[in-house]
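In the two assemblies presented below, chain A is common to both, partnered first by chain B and then by chain C.
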Partner chain A sequence: MDALKIVVVGGFGVGKTTLVGSVSEIRPLSTEEVMTQASVGVDDASRVRGKSTTTVAFDFGRITLDASRVLYLFGAPGQQRFWFVWDQLFAGSLGAVVLVDTRRMEDSWYSIDRLEHHRMPFVVAVNRFTDGPSLEAVREALALAPDVPLIDCDARKRSSGKHVLITLVEHLTRLHEGSTQ
Partner chain B sequence: MSRRSVDREDPDRLYTVTGGRTRADETAFDSVSLIVGECEPTPGMQSEHAKILQLARRPMAVVEISAELRLPVSVVKILLRDLLDTNRITVRHPSAITRAGRPDPETLKQVLLALHDL
Partner chain C sequence: MSTTDITQTLDWLLENLREKTPGIRHVLVLTRDGLKMCFTGGLERDAADQLAALAAGIQSLSLSASAEFGDGAGAGQAMVEFAGGMLLIVPAGEGAHLAVVADEDGDVGLIAHNMNELVEQIGTYLTAAPRQAAGIGDRP
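What follows is the complex of A and B.
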């Protein structure tokens, strides 16, 4: 049995938990990671208590793909402190989905920067709460490279969530083909 | 879903759970490493260790154990380290992708097929 992971990032209320839940075979579970500042003297209780920690909550679902593979789908906030724990939690992910609400596009700028920095392949999915701007206008506002897939989605619909994941894996396949030619 | 954050949790509790240690060897467990229990809990065992062995009767990912125990992932990794060092669990690391590398095309093909069938 082998485990794979895909990360869904986006601002608060953008529909991450909804998307994870619509494709997951389990109700999304939530947990958290803490980053404790690198420490000396871990045997000394008083110092442990005094240390500063960063806590990041995230949720996840699970999709059993076949007899030998299970995919974990993580929903995680895109704000700055989250990226502290990226290496602990999400290094080795297949790729990422950036979920965008067109009423708050600036919420996703930081995530897109960080994914590019981590060289993590991603697709952008616009969760349509209202009609909002066209995909072309969204691409421009987010300064997305032409080869980054950009699609509409409705996180509440399983078929739509599935389409988002398929779009990501097709993108990964193309990237792989491109790098071996 | 509202859950207590460890920010508000008594730091002494987390300190006690891990015996004061704050870091596990980060390379020993991935967040989706699958944990397999190799023995039953024994009386007198630290309760978190016993719970992990109960949960891991079937292979269970580190993050799932973390959610079930309501403990941060890094704390769970420390507890798992104890169990690994005493041969009470075995670990199946994710193999499809390396930290630096990219997934192999065969894996991508199989993932795509499975997603279409979902």
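What follows is the complex of A and C.
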């Protein structure tokens, strides 16, 4: 059985904790803390309705895709003050999911830059909160290379989150086959 | 007491904890979501931001450990030893934690005792209330 370490990254309040929680087959480890009044003016929750908690370390979950592959999922914290955790999460990871909220596209740039810097393969999943721009427009806005898979998802739905992960594993497999030929 | 008075008193109490306890380098009070509230003078502002974020992470992982393997009553005391120093964290008032960076050879028992004593004295002032509702007050 292959164990694959996967990281889930993206901006603040984009749905990383929700994705890990919805697909995990074990009780997910979650380090969500109540947002305090000290965070007013630091963490912009004005465009993330109903958000009252935030991840301060990382999320962890596990999903068995098939008889030969099990994924260990690590959800990164979104805010800048926790970015120092990312290096540890990236260590040993084979690939990443970048979650995007089309209303705050600019929040994804840091994730994509960082993954490109680490040369880690990734897929981009648009967590659809509202209708928003088409996938082609998102690809252009994020300046994604044509070979980076880009799909829609609903992070609250297990089947949708699983589809994102399968897309990533297929992408990794293609890259691996490409490099060994 | 006014807010300014309280802040000054807290700063003084943190300095006092540092001065009376051999081995303590820095003292910081942080919110559970990883933001600094007050800290001793020798700590750089950037380092205070770092310490607040990582101490919140440690306490949140402790809480998860307590939920999984303990009775889920919450984060207790945490201690991390590393070459060149150690970090101790105890829960303070609601929504806040007290963190201390100390020398490697510091007396852990004494440091922890003095930290808990401080929380007993002034824990009611070391609180970070939840935000009223997401979105309120974010924009000027």
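By our rule, the second predicted complex is superposed on the first by the 136 of 181 C-alpha atoms of A that agree within 3 Å, B and C clash if a C-alpha of one lies under 4 Å from a C-alpha of the other, contacts with A are read in each partner's own complex, and residues count from 1 in each chain.
By our rule, a contact is a pair of C-beta atoms (placed from the backbone, for glycine too) under 8 Å apart; a residue touches a chain by one contact, two chains touch by 3 or more.
Remember, predicted model here, so these are calculated numbers, not experimental data.
In the superposition on chain A, A:Ala57 contacts both chain B and chain C. In the superposed pair of complexes, A:Arg81 makes contact with chain C only, with no contact to chain B. In the superposition on chain A, A:Leu71 contacts chain B only, with no contact to chain C. Once the two complexes are overlaid on the shared chain, A:Leu89 sits against chain B while remaining clear of chain C. Touch criterion met: A:Thr31 reaches chain B and chain C at once. More residues of chain A are in touch with B than with the other of chain B and chain C. Common to the chain B-facing and chain C-facing surfaces of chain A are residues 29-36, 39, 42-43, 45, 48-49, 51, 57. If you check the complex, the residues on chain A that touch chain B are 1-5, 17, 23, 29-36, 39, 42-43, 45, 48-49, 51, 53, 55, 57, 59-60, 62-63, 65-66, 69-72, 74, 88-94, 162, 165-166, 169-170, 172-173, 175-177, 179.
Looking at the complex, you find that chain B touches chain A at residues 1, 3, 5-7, 11-12, 15, 20-23, 26, 30-34, 59, 61, 63-64, 66-68, 70, 72-75, 92, 94-99, 102-103, 105, 107-112, 114-116, 118.
Those residues of chain A that touch chain C in the shared complex are 27, 29-46, 48-52, 54, 56-57, 77, 79, 81-82, 84-85. Interface residues of chain C, counted against chain A in their complex, comprise 31-35, 37, 49-50, 52-54, 56-58, 60-61, 63-64, 68, 95, 128-135, 137-139.
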